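Got a structure for you, written out below as structure tokens; questions coming shortly.
We just call them A, B, C, D, E and F in the order they show up, numbering each chain from 1.
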Amino acid sequence: MELFNNYSFISCNKEFHSADTIIFGAPYDGTSSFRPGSRFASSRIRIDSYGLETYSPYLDKDLLSRDIHDAGDLDFPFGNRDLVMRYIKEFVTNTIHHNKKTLMIGGEHLVTLPVVEAFHHKFKDLVVLHFDAHTDLREDYMGEKLSHATVIRRIWDLLGDDRIYQFGIRSGLKEEFEWAASGHTTLNKFGYEMLDDVIHTIKDRPVYVTIDLDILDPSIFPGTGTPEPGGISFNDMMRIISKLQALNIVGADVVELSPDYDSTGVSTAVASKIIREMLLVL
Amino acid sequence: MELFNNYSFISCNKEFHSADTIIFGAPYDGTSSFRPGSRFASSRIRIDSYGLETYSPYLDKDLLSRDIHDAGDLDFPFGNRDLVMRYIKEFVTNTIHHNKKTLMIGGEHLVTLPVVEAFHHKFKDLVVLHFDAHTDLREDYMGEKLSHATVIRRIWDLLGDDRIYQFGIRSGLKEEFEWAASGHTTLNKFGYEMLDDVIHTIKDRPVYVTIDLDILDPSIFPGTGTPEPGGISFNDMMRIISKLQALNIVGADVVELSPDYDSTGVSTAVASKIIREMLLVL
Amino acid sequence: MELFNNYSFISCNKEFHSADTIIFGAPYDGTSSFRPGSRFASSRIRIDSYGLETYSPYLDKDLLSRDIHDAGDLDFPFGNRDLVMRYIKEFVTNTIHHNKKTLMIGGEHLVTLPVVEAFHHKFKDLVVLHFDAHTDLREDYMGEKLSHATVIRRIWDLLGDDRIYQFGIRSGLKEEFEWAASGHTTLNKFGYEMLDDVIHTIKDRPVYVTIDLDILDPSIFPGTGTPEPGGISFNDMMRIISKLQALNIVGADVVELSPDYDSTGVSTAVASKIIREMLLVL
Amino acid sequence: MELFNNYSFISCNKEFHSADTIIFGAPYDGTSSFRPGSRFASSRIRIDSYGLETYSPYLDKDLLSRDIHDAGDLDFPFGNRDLVMRYIKEFVTNTIHHNKKTLMIGGEHLVTLPVVEAFHHKFKDLVVLHFDAHTDLREDYMGEKLSHATVIRRIWDLLGDDRIYQFGIRSGLKEEFEWAASGHTTLNKFGYEMLDDVIHTIKDRPVYVTIDLDILDPSIFPGTGTPEPGGISFNDMMRIISKLQALNIVGADVVELSPDYDSTGVSTAVASKIIREMLLVL
Amino acid sequence: MELFNNYSFISCNKEFHSADTIIFGAPYDGTSSFRPGSRFASSRIRIDSYGLETYSPYLDKDLLSRDIHDAGDLDFPFGNRDLVMRYIKEFVTNTIHHNKKTLMIGGEHLVTLPVVEAFHHKFKDLVVLHFDAHTDLREDYMGEKLSHATVIRRIWDLLGDDRIYQFGIRSGLKEEFEWAASGHTTLNKFGYEMLDDVIHTIKDRPVYVTIDLDILDPSIFPGTGTPEPGGISFNDMMRIISKLQALNIVGADVVELSPDYDSTGVSTAVASKIIREMLLVL
Amino acid sequence: MELFNNYSFISCNKEFHSADTIIFGAPYDGTSSFRPGSRFASSRIRIDSYGLETYSPYLDKDLLSRDIHDAGDLDFPFGNRDLVMRYIKEFVTNTIHHNKKTLMIGGEHLVTLPVVEAFHHKFKDLVVLHFDAHTDLREDYMGEKLSHATVIRRIWDLLGDDRIYQFGIRSGLKEEFEWAASGHTTLNKFGYEMLDDVIHTIKDRPVYVTIDLDILDPSIFPGTGTPEPGGISFNDMMRIISKLQALNIVGADVVELSPDYDSTGVSTAVASKIIREMLLVL
């Protein structure tokens, strides 16, 4: 007779100090303009992760052989965006200080910004791989500089040209596509044909990977704030992650699951499996 | 052959200047701590209002004989709570300046604060009738002074003792109940037995009415952020509104419908009918 | 080892000729103006009826001791309202010819008209008891004489004054309430306080009972086209049916369940239990 | 501070007389035999269209540079199919008279018939491109000549052989496939391999395009009356629309979204994006 | 900055040995005949319990002043009913051995049987208070002696006459009602009018309380396997629990929440609040 | 005027003795570990099958020309797994005795075991084709030998090496993949590339085909207990079934539809069409 009383992603039950990787949740969705609810992603993913196997037949690796600590969710003051940003940055800065990698479960895409700030503080030559349906390159959104729709532009403010690689993009303003094309980011419209070349270019520089799950086609991932048909398939995502093994990834995030919009539970299952795979390549 | 191309609550189609009452939406839910989504209330209510009759058998009055303008929804910058507060206050201040009454459709309960500020600027002896399941009397919520959980406390900061009457309250911290009981507000636990006396006390002073729809039992109103069983019935609410006819109401709001949490559409139908009745007693 | 392969309401498995009562479905919803879907009511009710007990503790009677035949559903040509009306009338006329009572499962409320026509042909002194949230007394609806919103007016065309008794009514045009009040029908607003007197008045005249399930409060019956809060409770309905035992009921119907709008299944469970009770008092 | 009070598809806000294209809704679903609800498509699409960008990265065109008027929805008498047909025909005839193109949002597929009648009155050499999962070629359906299942056959009655091109067809009676194959229509089973040749054949003759959205695979478009697995992908539809730019399209429709059957909202998002693309090629 | 990583019912975070009450989950639904899913109750209740206040305005008591340990969920071998029964009995026997009270979250109603067996082993004069819509008094169900439909009969096998008090019962076979009435149990049909007398009779004998949540009306509790309209209200349940304070309760359970059948989340909120109140009277 | 009162899969209305194929339901889900509900599959499939055409454009065959009897559902004692196994085996043994083929609708995957036992009793050289996302090769699951997660291992106990062919497999323990790879079964990871060779190898030996519908990608089949992204498409399944025409199939099953988890109804439509196609190749 056994008892089940875990609060962790499946098998991520090492102590903080004996772990090399920290997984944590950032349940913030305060700038979502269409449909909120990504705040519920991390707790739902943890529960449903127990429907997963720890073994990946895609990578032929097993989570059971990894040392990962699930720190739980950051506890945010709703309505105060700037304080949320600060909490995330402090947590990740401390984690980096202990020489650990991080995998963050969003929340909306704005939560990526403070994490990149923390990593950039340590890794000045950081590059960012951005998987998404949306450009996220607006200078501001309804006057706001900090928004899910501006997050990559803010990261560019930090990193500058030739450091951001965008894949799967199929929605944005005309000006955003033009701004990217004028040399600020490398933008792969619709798919990820350029990924092999990009990996070859990056070599062993430190890489942060941010996956907005709406890069996936809404047929397999309807549970998100702004579904955009025409996305990549789950098997495409498995191929991408497999390729990422060649890189020196220092941190990653998986954002924009809004589980209540998919009552079938499939979106949560997809997010959980992508997290398992990302943990296996970190 | 006719075309339907209205964007207004049913029959609220007068021009701004010929109307005596303005209805508008404040689709903000940025401090919701449990389940967001009240941002969708006003647009859903407008659509479903066309399933209503304009005639109320409860009050034996008809919306067709009223002069009401539906101004649409305020357009907010998501993530910037303070700017949202300012926009609402400016809009209502302007409306009061034109000697019109307002009925606001929330959004979460925090949107009530700037409206009360605007009315208090004109009516120094304003009293507030507060219908709700929750006390909303916290000094702060996770460190934040401006929150759906603190909104009545902030209104008390403005109005002081003996100006706030609370009905239907059935959830809160022990300290909140004690703070109210120490003389700051008049709090009717669970029901509205004290309403007749309160109306008698208020006499013809200007009154603002704020209805958090979660005062209703979740059996008839499940579509809200924090459902609290044990609430009043729809017929209780009809009786309350009928009694309010005796007062000098200068403005009102109906907040905290979160329509996506009730796929049956009943919560939206309930909210729409309560708005019709409130418009008929304004 | 047994097999389940029934297509009938629970225990209504007698042959047509040995039954005294015929239950059948009329899955038509062609004039529904707000939300269609009552076409699915009869087949869903049959399936879920197997979650019911055959014994009623309300009436202390058991369906097992009754002789009822479930004829299945009439098969309608969608889009041709007039032919649908004819099919229903022919079926019921034939059933009456064999001296059987009928219980029809709607469909929308318009399906009641042809049944009343058939019964009126045989019983010239027929009276109609109408349980509903809506008046259904319009002379026409968007120019149409035959509509769910006009059905009781059409029945009045047939029966004339003092033959129609309406209960639970809480929504309609001002003119409809006034027309009823001018002596055409007996209309009990909101509840059923007048039922005892009405039963006393009717005595042993032949009675047709039509139950639009939206008379119930949407808290217990959300699965309907136009939910109207403020309705009667399920226990009220049990009390009503118990009182109906005193009457000479020749036929009845239960209409306007739209099961897809209530994913909890409760509305279907409610409809099934009301049908069981009505079968026990026929 | 701005107000949102539009009732139009995104950016289709020109006046009737200054527009070259008219978009309107035909919310009729009276002959739907399986699951109704396409009556809700146009109003839901308008609301959700504000989650779209106006810029298409597929066509590199922007709705902001187009002159389109959204006329709203035709207001129909439910239950009277023949009057509905007449209203649609009158509206479109008037629009053609003003030399404007139309894009109609259904409703069920039968609404296409009166539009084609109106266009055929002006363009005697009209050809019809029909995208659908179903043949829609029955001579009658349960005795009815006018039905969603007979609509293309009725159009053939009007246009005759060699004028109708069908794509994506994967469901129908054996007789329908045989009737098409005997030379009456050009039918591309399952996909759209023949589209290039068809475009080459049509040249610059006037073309009406009718898109029954169930041509799409239900993985990406579950919100429809009769979902048929095995359909084309969203990217296939983007490729088709891109090819249509070579044609002289005078009118188009997008039918059979039944939004309530897809609680994720993805089907509505898909329909909205297809409408944006069709408007950009009109 | 704080982290949230609890797996316990709100504030039930004492260690086993310093607690006087143990709460645990028994997620078994293997004999559910109509709709399974009560296996998900305990984990959903724990998550949603964080939407609750710890303070009860009904009892004027606060969970913060109690010493309760949440042991988590028993981990069951699906498909092996008899082993499930044994695991529960062993766990509770051990808990009783440490002189602690238990509150079990079901699961279906059969899980009550092994708990009562364990308590009866220690308390020979145990009486059982049974709150339920259903009699649960069948001798067998489809040949099976151990079933949710037979559980109270099995408890009677153990305790004998005059030891079981049933409230709220409104569904069952005619034979079950007759068997109860012949002196085997005290059965209060529909309501709880006899509760005061029963409490007076029981005096200070040890009491086990089993609450099948379907005693509640499905308007407020639709999320259960077999919803039965006509149940008691939430406020009735609050009154019942308040009365239970007069008794010497040694253990209790709350069973038959099936959360997936109520997408509004209200059923889970109701269950959580009832558990809070029961913990406060244990 | 016609009546609809069938309880059969569409057009499977021959008598038992004049049919060559028997279709029946096995609504058991007692060992489902994640999400139960496959018990509802067979009754939902029968209803929705009337939205299907009998003609398959994939195979150019029509169900109208086949002689099939729908026997209904086996009626099971919930909670008694071993008795359920016996009932299924007895039913199929009797059917085989009358020289008929069977198509079983599950239920969870464990129901396949007694059917294979029955067929193996007659056909000693039986081979099994297994289409699934999961290996189902565990020696035990939480100590239980009989479980949905062990069913193919139990079949191997019966048939031994080189008799089981697995396709589409993408989830399992590392040990299961290794056990298969060590020569016990032929396992095609992810897809079905080996199917042509397997068919060539099998030749005319008697074949049993078991289709766990979760082999399909959850984009097109979300309504199942444990959705696994990365599955095959519906068109892949059509191609597989077309290839199966070359084999000597003596029986088949289609399991693990859990219809309540897909409110769009698409999963049920997919299952129904696969059953139609399987019936056409039996």
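In this section, a contact is a pair of C-beta atoms (placed from the backbone, for glycine too) under 8 Å apart; a residue touches a chain by one contact, two chains touch by 3 or more.
Computed from a predicted model, the values in this text were never measured in an experiment.
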item: Chain F and chain B - chains in contact with each; value: A, C, D, E
item: Contacts common to chain A and chain C (chain labels); value: B, D, E, F
item: Centroid comparison with chain A (C-alpha atoms), farthest chain; value: C
item: Selected pair, out of B-E, E-F or C-D, that shares over half of its residue contact pairs with C-E; value: B-E
item: Chain A and chain E: spacing of chain centres that average the CA atoms, whole Å; value: 42
item: Euclidean distance of C-alpha centroids - chain B vs chain C, Å; value: 38
item: Residues of chain B engaged with two or more neighbouring chains; value: 75, 217, 219-220, 263
item: Arrangement of touching chains [line / ring / star / complete / other]; value: other
item: Chain pairs that touch, as defined at the top of this document; value: A-B, A-D, A-E, A-F, B-C, B-D, B-E, C-D, C-E, C-F, D-F, E-F
item: Touching residues on chain D, where the partner in the complex is chain B; value: 1-8, 24, 43, 47, 70-75, 87, 90-91, 263
item: Chain A residues touching chain B - in the complex, by the definition given at the top; value: 29-33, 36-37, 39, 75-81, 83, 110, 141-144, 146-147, 260
item: Partner chain E, residues of chain C touching it in the complex; value: 51, 53, 55, 57, 62, 217, 219-220, 234-235, 238, 263-266, 269-270, 273
item: Complex contact set, residues of chain D against chain F; value: 34-35, 169-174, 177, 189-190, 217-220, 222-223, 226-230, 261-263
